[in-house]
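One structure is given here, and the rest of the page talks about it.
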């Protein structure tokens, strides 16, 4: 049976923001979700103009306040089914909170907020309203992230001893912020980005990958934040040594000055029996090393159930809608998988049914909060001379 | 200024066909194109049922005849803007011809037809009607295919001496056709697939990549078609040695029995000054080797104009809408680029303006015809004992 | 118990010949073999001078005739234990034959000879004299070549359907022979190189790898020899389509004009159950693909017996003297393994015991002969218009 | 002119020690050096027996004291030209000091000693005696290490900001020391290995690579030593965050429990203009990333002088004796390059000429001392709760 496409309202996303475009493609991916309106800019006039220039017709709002107010008045089916927040970091909290209060599910760019206090409030509000809330940790959307999570939790590589989670880039190795690159400008500005540039922007992705794949929490952080490019106020290189909730150890590290690395997010999980390796720039494969065995390279859509080695990989994982192996999936596919998973929760919510939103298929508001807590702990550790700081 | 989304009508695509899904995602990718109706199955009842079960509401037609007839009656803006043909090979010609006659642009799965005669007719009809016609050679849609074409034509690697174009798979190494795999069943059936299985299905992609990237034509073919799996009537392994229009030589080869290869399409172009290497399973990069120089690895979206080496890469190529380097593009992105490029030609056509459809961004009807001619020559060569056969 | 080092006499190798150096290192590798004398150059004066300038003291002979004569007179233990022939191709036959007649084991560079007639004579002489004779197909000396041979013969990948054996280089893409590069000069000269440049020089290595790993023979050849660089008389690009003795098919191909390829020898063996992949530029690993299984990457010295998959890999293979995995072996290690294996046969021969020399650890005189026969067939096929020619 | 081969005396190396074999091959590599005698075991009877069973005849000594005494009495040309020390770590100091005192050049396995006090004494003694002294940091012997050093010092990648030097292994992930593996037994024993297992054994290699390539010194260390495998007294996982002498930062890290890593030593040097990447398991290549440029992959023996990019690579570097590109060098080649370089210094020393021994081609006694100081600082830092400790 066909279902009506879900309606999505944008908050932010005008003025050439990069991140709105992958979301736009991810939303439309299967034809079952549509962007129908947007409050695209803080300036009301610009907001309307941007909406008029949207590639296809959408309704423009002068502000997200107006959008939330107007849309809330409409009956379900006519109003937006969820809001997508793609504003700068310091403008996540307010619209997110207002959407929640209005009963509108939210899919929010990361980081969730710029302070832990705000994050706590959102967690509380989402809990009270019992409403779907997603955080855009894109890379969880790779099938291979799902598979990695399954593998580690299945016990195949034994108890986790060590995790190396990293996200390395090189684009801020020079003063990119002086070259008219909007993406760089706000990231290095403490007012708009928060207390950390490199850690907040991409270190949190590495943390999220660690937590998602292993199911472990970071309990204490010893951090080394560096600012290599002259004139910057925030870190452009970020290294933390962490204690894990099972007694294991790891590093969560990030860089924006490592020339040659593009979007080099990856994770290596070392267990008592084996090691799992994954990299987002080659997102179709997962490598598993077991003691005294050949390397095993698993490819998305080429994993067979019960191969006598993995155990019985569950059907929901094998059958996750996808294209055959060798027709690679990549960034947009991961993005789309987030929205597809969120769609399922939103549809259940709209029908008054239970929904998951449990962090198993996309990051939720608690995951967002932990990212903020991590950055706060890391900044404190680094400022105090690289001492151990517990996670709040 | 916003533009109304284009309307797309499907011909074929019901019953679990694989290829319709990537098209569906590619069509909806940016929100500027929508599937609105379909004649999804040869059985009228099934066709209507499949339409009802489409993920989102579309209009179902009992047959493509009905669809073409009904849609043709509507004014532009209400009727479909183009038809997508994803039927089995032997059902490409008839609906394609009828669409052309009705003035409906066509985007057709490959191979264009099952005989050269039919292909010639389509070429003629398209010419007469002066209408956009695309053939789904997906892999041309990679930005790196566009870049490879630019590089080779720029003269950077000198005159082309040798080309190795290949497409290797392993999924038909056993009698997959007996395991209820629809994709395998029709491909090994001469009635539905035509005179060649492996060559027709994937060898033509290798040929297309060769022609697209180098701008050269194959003039003569010496072919070796093998059937390794018992009980098959058609080739499951395909090798041709070819003469090129500039006097160069090459191989166009394909396999469906090479276990371990998934979708291993690639091309290596050897020139008098250097070599260009590209593989679709790692579609973000192009490797260029020049004599006595280090290997150069170019990444999509990380190529800079006028780097003192490439020459002045044109803006249209650098600015092709895309995501930053390191956020990989893959199969769906290539598919979407085809439809995005076709959309531009269709919009021009609808406005009565000149349109390109010249094979520079996606394959056109002539490209489709040449694919058919190549397979006919290869089959003839192989049957006659691996003799040289000129291309028609 | 310690053994006296074997004494090796060089025939050829003066004047900056490249290939003598790896042999020199391979001979001395473990300290159990020593170069003690040499007839290093066709000009007697130069020969003596070259010997004086050898890095360490060796006895110089004015000619190989003198060397063979003088050495033959000495008792075993004082005379050379084997001769190494590293002269240009057309000077292999004569000294080889004379050594055999004198009862001196021979390790000869490839190709064995420049005509099949000569090769036949050597085969005959070796048989009559029952003497160790090795041909320097270096790449058989990789542990991973031994392992590949074991794997294919074990039946793990099923019956062989298809083999792609290749050796691609780019150094002759320009007229290197005009730049004072001795290596290039004689290779492109029919008088010194024989009837084929590219095929004879490196195509034979690809053939040898195919035969060694699969145990199959080539029965018929359809060949395409090309000369891309102007002014050359011999092929610089070489492609053959071959029939195998089990009914399988394959290509044996080589190139000297493929810029970017250095010493790109490799083999892919496609069987009914799986595929084995090996490349000499990454000689530490063997990749095995089985239907519906993850890729398996095996590393030298990290293969464990009876891993529940390979079967019981024999001890002699696992225990072949070597360094631990991750301390890579490479070209010199392969070369040394040839001489080490040959040493064992020579020691047995000297003691009057049976020796193997059966092609299982290094190429023997029959292997050398088959290489010559292959080139003759390929040249004939190509000249006659790419027709099928049976192997003699 | 031929030169007499140098005579080498072994101290240690009996009883199946792994490391003596690569040294043996490296010493004999070109035929210009020979092992002639050895004190192979601490037990005099065993020592003599081991010598008798050496693959080829050498003179056995009952102890290194005896060997040093006897050999010292002989005239140059008859006595050993240098000693190779391959005893367990705690037996390096004594024979090294005695050789120095006797005027015998020493090539010593790393770590130099087990305490900094001993290391200081050796440095002092070498200085006073002005005698060649090498430390076996094997990986400096790769041509690509030499090239990396040249590149970084040439300024091509700008000022160094960040270095990641690592050495990851997995073989001690289980209690290998209980399985009769001699290599494991002594390494985990504080009496024989010193204060650190993982750091001392392989972390020092990572440090050496950092210092050699960048020319920078570590000034302060914040260390995290972990013991993951139960029952061990020493670290099997080792991470340090370090300050560099130019104000840069880095990590020097090592692991013995990272299953799947074999001998994964590598370095990434991030400068203000670019990044250099090198890995010992693929020792033929160096990758250089410059801002806004394609990746450049340089291959040993394929680097051309003055390519318009690197500047004028000096002849001594380009002409370092070697095999052509594509015939890979590996572990034994690196080892041999150390001994070849040391040979040159020993020959100069014997002739009373100045010699280098300046750390530019192999590690010297000062390098060895710094390795010991680094481990001491790291152990202190970790014990005190991961505080900053200056290098002594």
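A, B, C and D label the chains in the order they appear, each numbered from 1.
Here is the rule we go by: contacts are C-beta pairs under 8 Å (C-beta built on N, C-alpha and C of every residue); 3 or more make two chains touch, one makes a residue touch a chain.
All of these numbers come straight from a predicted model, not from anything done at the bench.
K.L.:
Which chains contact both chain B and chain C?
P.N.:
A, D
K.L.:
Between chain pairs A-C and A-D, which one is joined by a greater number of C-beta pairs in contact?
P.N.:
Counting C-beta pairs in contact for A-C and A-D gives the edge to A-D.
K.L.:
Using mean CA coordinates as chain centres, what's the gap between chain A and chain C in Å?
P.N.:
Distance between chain centres, rounded to whole Å: 55 Å.
K.L.:
If you average the CA atoms of chain A and of chain B, how many Å lie between those two points?
P.N.:
34
K.L.:
Please work out the Cα centroid separation of chain A and chain D, and write it as a whole number of Å.
P.N.:
44
K.L.:
Check each residue of chain D and list the ones that touch at least two other chains.
P.N.:
Where chain D meets two or more other chains at a single residue, that happens at 261, 295, 299, 302.
K.L.:
Enumerate the contact residues on chain C facing chain A in the complex.
P.N.:
Its residues touching chain A are 288, 292-299, 302-304, 307.
K.L.:
Help me check something: in the complex, which residues belonging to chain C touch chain B?
P.N.:
Contacts found on chain C: 157, 161-162, 170, 173-174, 222, 224, 226, 228, 237, 239, 241, 249, 251, 255, 257-261, 268, 270-275, 277, 287, 289-291, 295, 385-386, 388.
K.L.:
Can you tell me which positions in chain D touch chain C when the two form their complex?
P.N.:
Per the stated touch rule, the residues are 1-5, 18, 21-22, 24-25, 27-32, 34-35, 52-58, 169, 261-264, 280-284, 299, 302, 321, 323-333, 336.
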